[in-house]
Amino acid sequence: MFVAKVTGSIVATQKVESMRGWKLLMVEPYRLEPPDNKKLVATGRTFVAVDTLGTGVGDFVLITQGSSARFTPETNKLPIDAVIIGIVDQVHIEKACVYHRESQTQ
Amino acid sequence: MFVAKVTGSIVATQKVESMRGWKLLMVEPYRLEPPDNKKLVATGRTFVAVDTLGTGVGDFVLITQGSSARFTPETNKLPIDAVIIGIVDQVHIEKACVYHRESQTQ
Amino acid sequence: MFVAKVTGSIVATQKVESMRGWKLLMVEPYRLEPPDNKKLVATGRTFVAVDTLGTGVGDFVLITQGSSARFTPETNKLPIDAVIIGIVDQVHIEKACVYHRESQTQ
Amino acid sequence: MFVAKVTGSIVATQKVESMRGWKLLMVEPYRLEPPDNKKLVATGRTFVAVDTLGTGVGDFVLITQGSSARFTPETNKLPIDAVIIGIVDQVHIEKACVYHRESQTQ
Amino acid sequence: MFVAKVTGSIVATQKVESMRGWKLLMVEPYRLEPPDNKKLVATGRTFVAVDTLGTGVGDFVLITQGSSARFTPETNKLPIDAVIIGIVDQVHIEKACVYHRESQTQ
């Protein structure tokens, strides 16, 4: 899995039938900044993931890719390869907290 | 999933039997331009995806990769690893619309 | 899927039993040259794929990766992650033909 | 699989139901330093993996990605794409030991 | 699949139960050197693969990644994403032999 920030959303009217009604979010993977791993930084990459948790723009989320994206009850058998499986509250690196949802002004 | 632009098509006469009749499109993944995420830019990468939605050159589409590409009713059990699951109408980033199909002169 | 050029072959005498008898080809992925997408150029990457179509060195082929490589009748349940599913005859980008098998002098 | 160092952990209160109770660790893939392969060096990449072995920050672990992450008894059918399958004690390259858990002061 | 050189091995005492007894090898992917494809060169990347064929350090092997790594009789249902499916004897590129196991003084 990887940590990503929700940056936006997609509207697609014409789509594969089973995809109707699913929220499609734009997400950007984040990584720890080397060499100190003291903060999360953007990677500049762009993915689209299905959301079933009610996340909003600015949230940091945990994303599962590949066939496992079909292993939540809601997304079972959907033709998707990425799903949000959690909203990140905190990221701890060694003894420091490098991300805390409450304290974000994002 | 990822957003891509349809750039062309492929003709392949000799192929695995089950692939006969499927439309094969050339697609180029797009990403949000860092650091502002204010527009979609080309990545320079090239993929081939099966289309079941009737998309045309210049359309922006949503692509699913991997085993999940076999999870649309039409592509069930095909030996493919990429399929178009939707035609993108709009991409919203924070409060801005960075892509709108109608307004494209593309 | 992606477009690749067949560059050679591999001989492996000691192998997993089910792999006996399969032709293993060296292939190099190609991509459209940015920003004009007017021709296919080599990526410098190297993969090995199973061939069931009788392709030869110099042919451009369409390759499926991952679990879907096991979804052709011949390769069903083989421990492989890449298979040639078609021999490319033509690649069309917008109104131009950027590759035509007949006209290639390799 | 790949070798990674456990760098931290994630707290996610809102998540897909089946993910409750699983320990989510931040891990950084390591690779052998070219051209001599005499030591493991950080890659600067960041992943999240499920841990069922009781690993701690600083441990080097072996990580399986993709659908196979669902093939341990504990993680069967979880919507995850990365799991720790072992804690690395030693890495031997040719005749040298490039990593030995006991001797790490990490 | 890809061609890789076996560079070493891993010892992991604490691991997922089903992984006990399997040989875990460090491997480095090789690719053809562009633009001439006249020899195999190291990529500097590092993976770990299960070996069921008795390969040794210095051998060039053929590696399958992803779910297909679970499709050899021995590795059926193991939580692994990479397995050695053959020991490479020769690599032929166009009319030249760019690798021959016998002639390697490795």
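By written order: A, B, C, D and E. Residues from 1 in each chain.
In this text, a contact is a pair of C-beta atoms (placed from the backbone, for glycine too) under 8 Å apart; a residue touches a chain by one contact, two chains touch by 3 or more.
Note that the structure is a prediction, hence the values are computed from the model and not measured.
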*Enumerate, in label order, the chains that touch chain C and chain D alike.*
E
*Quick one: compare the interface residues of chain A with those of chain D and tell me same or different, with half as the dividing line.*
different
*Centre-of-Cα separation between chain B and chain A, whole angstrom*: 20
*Give, as an integer number of Å, the spacing between the C-alpha centres of chain D and chain B.*
33
_Set of chain C residues in contact with two or more other chains_ = 66-67, 69-70
_If contacts are counted as defined earlier, which sequence of chains do you get going round the ring from chain B via chain C?_
B, C, E, D, A
*Give every residue of chain C touching chain B within the complex, in rising order.*
1-3, 30-32, 34-35, 37, 52-53, 62, 64-73, 75, 83, 85-94, 98
*Using the touch rule from the top, collect the residues of chain C that touch chain E in their complex.*
7-19, 24, 26, 28, 42, 44-49, 57, 66-67, 69-70, 77-82
